[in-house]
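Across the two complexes that follow, chain A remains constant while its partner is chain B and subsequently chain C.
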Partner chain A sequence: MKRREPLTNTQLLTTIAICIFVAMYAIAVIAPVQGFEKFQMFFDLLNDNAYLIIISCALSIVMIGGGINISVGGVISLTVMACSLFLNGTSLQNGFGIVAALFLALGIGLAFGVGQGFLISYLEIQPFIVTLAGMFLSRGLTTMLSVEPVKVSAQTHAVFYAFRGNKIEIPFLGYIAQNGNMIPAKLEIGAVVALAVVILSFLLLRYVKLGRNIYAIGGNQQSALMLGINVKRTRFLSYVISGLLSGLAGFVFLMHKPTGNASVAMRSEMDAIAASIIGGTLLTGGVGNVVGSFFGAMILATIQKIIGMSKLNDSWWQDMASGALLGFFILLQSVVLSERDKRRAKRNDSKLAVQRE
Partner chain B sequence: MAAKKSSFLKKSGLGQLLIPITALVILLLFNLIRDPSFFSIKVAVNNSGNSVLSGNLITIIDNASALAVIAMGMTLVTAACGGQDISVGAVGAIAGSFFVKILKSWETVTAGSMILAIVVCILTAVAFMMFNGTLVAVFKIQPMIATLILFSCGRSIAYWITGSATPQLSGPIIQAMGMTIPGIPIPTPIFAVILVGIVLALIFRLTNLRLYTQSVGVNQGAARLNGINPTAIKLLSFVLLGMCVAVAAMIGVCRMAQLSHKTLLVDIEMDAILAVAIGGNNLGGGRFRIAGSIMGAYIIQMLTTTLYAMNVATVNVKAYKAIVIIIIVVAGSPVIKNWITSMTNKIRAGKMNTSAAKGVE
Partner chain C sequence: MQNDAVLTMRGIDKQFPGTKALNKVDFTLRKGEIHALMGENGAGKSTLIKVLTGVHEKDGGSIWVEGVEGEAHIHSPQEAQNLGIATVYQEITLCPNLTVAENMFIGRTEGQMVHWKDFEKRTTEILNNLGIPARAKQELSSCSLAVQQMVAIARAVDMNCKVLILDEPTSSLDDKEVEMLFSLMRDLKSRGVGIIFVTHFLEQVYEVSDRITVLRNGELVGEYAIEDLPQVELVAKMMGKDLNDLADLEQIGEKRSAATEVVYEAEQISSSESKPFDFKIHKGEVNGFTGLLGSGRSESVRAIFGADRVTGGKVKMKGKDTKISKPHDAMKAGIGYLPEDRKRDGIIADLSVRENIILALQVMKGFFHPMTKAQMEAFADEYIKTLNIKTASQDTPVGSLSGGNQQKVILARWLLTHPDYLILDEPTRGIDVGTKLEIQKLVLKLATEENMSITFISSEIEEMLRTCSRLIVMRDRNIVGELTGDQLTQAQVMKTIAGGEQ
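Moving on to the complex of A and B:
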């Protein structure tokens, strides 16, 4: 009989995150927390946090490569602001306007990704400082574009406004309202994009050479170099991907809330880092999984929703709960990994002893 | 001659400070050319009738106090743990709220209650930093991740302690601590920075802590084999950071004469990490120079004040700041450094060749 392969650290941590999410959601349904009995709540979590899911993937990819990117929130605010100004001012009042806005969003993300990636991988500057400067720059550019909120409305760009209102309706997951009408479950386009990003980045990390190389340089840069991996280019590309994804997240954010504002996605980089960590990505690099990050983001979103729906509707409780949750996960991971290491060391010792005999 | 110079730089350890010193000098020169009156220092009389020094330079040094103090502590944590603490602002808010809570238990602020409040403030900050330190040193969690916990809920804890109000403080002692002591024209926070600097300098002068911290930062396993306890050294660095945070919190509270848990020391963690990096310290741990971090803090503050003096809108300052920071870190990057060394070596080699050729002739 073939001996079952033990779970890798990545899989173990991801499994823990998924279990906790399922348990938490089940408790919310059974307890019952208002709103959680409907399936629509799950879709609402996806709709509201689509941008967070995308930047969590962006951060996981960079963190698996042993880096960090704290400019994602700033890039989102810059993209949302630039796109809403563009949509309000453009003469392209048709589908091309939307495509142009999407390319503008991706272009901004790409520019930040390329710039930061170049400074980090080819000039060997510490990623934290480079992306911190990127955060300052993007937030500063946002307020330079406009200090006042810029709203895209049906009057300023009718086609975009209609486009963002499109929702995918799934009847059999809906619920029957009090007046007897069937209300189908609704999923926004942004949420579908977010799910696609999760799947594509999972495939990228798992089956594409670039993705495997990102794991390699995060795990051990020296060995990766000796294996003939182009470490600098791989690191550069990981930042380019994360920049592109943050641009995309900005566009998704705009579709969900079509208002450019200086305070958009404030501190969302820290939420994304927390989501990645809860999902089992280690900041040291080489370990992680975007599926885990997806569930990490959903865990954060669920706990905030539960508190929001309970009588404790206060940002104070939300902060405390996310802090406590994060602390719990970090400690759990630390304990689980160190226990495994100990057990492995013991097993290796006994193997050595057998060999000696 | 050049070889001698570089070895002198290496010996004195000034090589690491080359970039921050250059940046500071360039900023000063820029201001000198732009507007020489930037440097004027006047003696003015403040609201309470004391004569105080006023001028841009004094403002810079005064306003950078909290940042400089925290940057000192951050340098130690960075050196020992190879990571940064991002919860300093939040822990500062907690310590500040305990400070105000104690002061508010009496009608007026007296010397006795102030001493008690200072002790409680320091103990609180140290206790919360010990929590971070335990996660990092005992549970071996990356510092940035471990401190993310208090980063996300620290200000809520401060809110819980003070309630929703923003308590106001008043009285001569608060004014003496936050502004100036009557009779001394220099703002008091500057003395706080000097005091913390002297205490840290004495610690490093009288003990082997600098060597121990650096060896733990460079190679933890090797340090352990040499009889150094890495856990203790890391915890100690967090304790020292806690003391620095407490001092910074008191500076912040006394200057504003009120406590707002949302704005006390807000975003200071990012500036402190920047100060450490600009000071030429490796964020991955190991060798460190506290003087560099202090200089980094003053560079950041001087940059902000210069931008304000140039009538840049407050909200746009961040963008310009980012560009200057990128220039500074690019100038200090290892690749650029290596390139400059190889270029100077080439030039020197060229000169040697020509002189050798002359000798043959």
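Moving on to the complex of A and C:
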């Protein structure tokens, strides 16, 4: 006899996020909000928010380990600026230039990841403080590199400009324009990268020992130590991964909007935290799932798009909607989890009573 | 060194700031034996175990483990695991957010990948083998505490450990589960595993152990074969004093049920947590509320003190009508209450011993009438001396004192207000035998010498029989009997608690 296990807290919260996303998207399609009837809208959400999806994964990984990283937005702005300057100035006007820029982006992310991870794990400084410092540092460095916006154009680096314009066309999800031409759905490279990051992060957290160790230290650090897990190294690596992903997110951002600017990805760390939480990652650690975070990011993106497409096209409406959504989710999560604990406690009590008799 | 020893520790030293936790302690564990490690709280059992498992590093001494060349150096729990030393702690040291299977295997597998199928299959086998009622895929937090404890043991067992340390493993298990654990321990023993068993329950030691090592104040008292050390002697060795002290108490225990003046009288008093009941106590009387845990003992005294929301009833203090609806009223009326959960309701861990002692008196006086520093110091000194509180100074934070001494600090707090009626709810729980005795003596002294009325609640019936002249027995939140004089025997109390008399 095989019985189904009840969902774990992680699975339950992820499921809630997915259901909400599907429901919200369905409402937008039926309502109808302009544009949502096309598949392209879904892909546009992916294209526009690829970097957000990547840093949501970065945030989820450290949050599952019981930490936080608010430097991701700053690292993106620094990477975008550094890569823009590099591409504009380099003599590598070919594919190697792009690879070099990618390595520069990853290098910056890695440097922040290693530095912050070291301070947090081995010197045991509060992650909030360390990454707050990282946020200021990276924003400051961005401005130091250039106060003016730096644009990568077809003139300054033709190969990169052409490369970033590549789109994957999916004809059968396209639509027929008014003149009768078939317009295929288009997915940017960055969106594909973001999806790959989600899948790889999921596999990492599910099937690789490091990933499970991250859950363990987030669940109970003391226990994890007693179970023989190298807590410091695990925590360190979680920040290294999140740093690397921030660098990658910076490069993806550059491919989407090839302009370095001090205000790039402003506040995106907060969006990423919100996405993770909506996706079912608990700030207390040990619970969460990058698939949930992906849907969390998409929920945020969708609600902003819906408001953008409606007549309420003002930034405060978007902020208020995001805020209300976040509040609603947290309430929902805590109600669901506490109800569940109550039921469990009751069941264990009655089980014990049966055993005693 | 014996040939059959799996673990030998010699001359272990461990220093903590301010205290010498271990002083030249020797310990030897043989193959296939259950070895009880005994001592009062603070004797150094936990420290010794933490040194062995790499949580603390030793300051001196040597450790040898069978099968390892030369001295073993243990710097982390992981290294201890690798040497075949596994530990199951009193508090659950598993991760509640992972599944049972993961908790069994995390931190001890080769390679970088997690093989779920394999883990789950092996876990199911182990759980079935040991008869543990859990499923491999279940999230650990959905198991009861007892099952979580067993999963921890199953993990240790599966690690083919040579040395298995069980630190208070039975404290959260019921009788049936304890029996299961013991049969598991005997099974492991027959497979040649050496087991170190740490527990507070003396009977359990005699049920399973082969050998006992006793520690006191961080020093080794001795190692004994179980048949050479009767239970009474074990207690004496742990306490480091003669058992005459116990007899002594019986003598002091000249209990009075004198029909003197009634100090406190309640009629149909009830609170949000307790049903209405009548109660009175005479001057200089020691009485007790007894009953099983959850029978309403604590709730009743909380109602008297106004600690829960009082919902009805009439109260008279020394014959005068008094209204008690909150603790402050009770304090003003001359009632003191030492709560059951001293960590939650009583001690303010970060404040100093002096501040904790002064607290209740200060509240009574009102915060606008501060005491002078000299006064406070004098009060604190007086009670540290009378109650024999072991503290470095008045300024030591209470949190750093041992449980027994914390309890004495709270006691001092109430004694300072010179209450007419003092309620002590489980004042002896979780503290060592010696301090328990001191507190019992003190209770009787207060009653006889200062004519204080005292209500004493304890889970240990012997303790109540020794101190109380009248026992109120509760069952299912109702008072079901009142025992005095000749009725005060263990058998009679049990009978009354169990109900259905005759």
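The rule is simple: the second predicted complex is superposed on the first by the 356 of 357 C-alpha atoms of A that agree within 3 Å, B and C clash if a C-alpha of one lies under 4 Å from a C-alpha of the other, contacts with A are read in each partner's own complex, and residues count from 1 in each chain.
Assume a contact is a pair of C-beta atoms (placed from the backbone, for glycine too) under 8 Å apart; a residue touches a chain by one contact, two chains touch by 3 or more.
Note that the structure is a prediction, hence the values are computed from the model and not measured.
Asker: If we overlay the two complexes on their shared chain A, which of chain B and chain C does A:Val99 touch? Say first, second, both or neither.
Answerer: After superposition on chain A, A:Val99 lies in contact with neither partner.
Asker: Is A:Ile168 touching anything from chain B or chain C once the two structures are fitted on A? First, second, both or neither.
Answerer: It touches nothing on chain B or chain C.
Asker: Is A:Ala324 contacted by the first partner chain B, the second partner chain C, both or neither?
Answerer: first
Asker: Which partner does A:Ile30 reach: the first (chain B), the second (chain C), both, or neither?
Answerer: neither
Asker: Report for A:Ala224: first if it touches chain B alone, second if chain C alone, otherwise both or neither.
Answerer: second
Asker: Between chain B (first) and chain C (second), which does A:Ala216 come into contact with in this model arrangement: first, second, both, or neither?
Answerer: Touch status of A:Ala216: second partner only.
Asker: Quick one: chain B or chain C, who's touching more of chain A?
Answerer: B
Asker: Applying the document's definition of touch, where does A:Ala154 land relative to chain B and chain C: first, second, both, or neither?
Answerer: Once the two structures are laid over each other on A, A:Ala154 reaches no partner at all.
Asker: Pick one for A:Leu132: touches chain B only (first), chain C only (second), both, or neither.
Answerer: It touches chain B, and chain C stays clear.
Asker: Considering only the defined contacts, which chain B positions touch chain A in the complex?
Answerer: 84, 135, 139-142, 144-146, 148-157, 159-160, 270, 273-274, 277, 282-284, 313, 315-323, 325-326, 329-330, 333-336
Asker: Across the complex, what residues on chain C touch chain A?
Answerer: My answer: residues 77-78, 81, 87, 89, 92-99, 102-103, 106-109, 111-114, 116, 135, 137-139, 141-144, 146, 174, 176.
Asker: Along chain A, where are the residues that touch chain C in the complex?
Answerer: Touching chain C: residues 5-6, 8-10, 206-213, 215-216, 218-220, 222-230, 286-287, 344, 348, 351-352, 355-356 of chain A.
Asker: Quick check on the complex: what are the chain A residues that touch chain B?
Answerer: 68, 119, 122-126, 128-130, 132-137, 139-141, 143-144, 147, 262, 270, 273-274, 277, 282-284, 315-316, 319-320, 322-324, 326-327, 330-331, 334-335, 338
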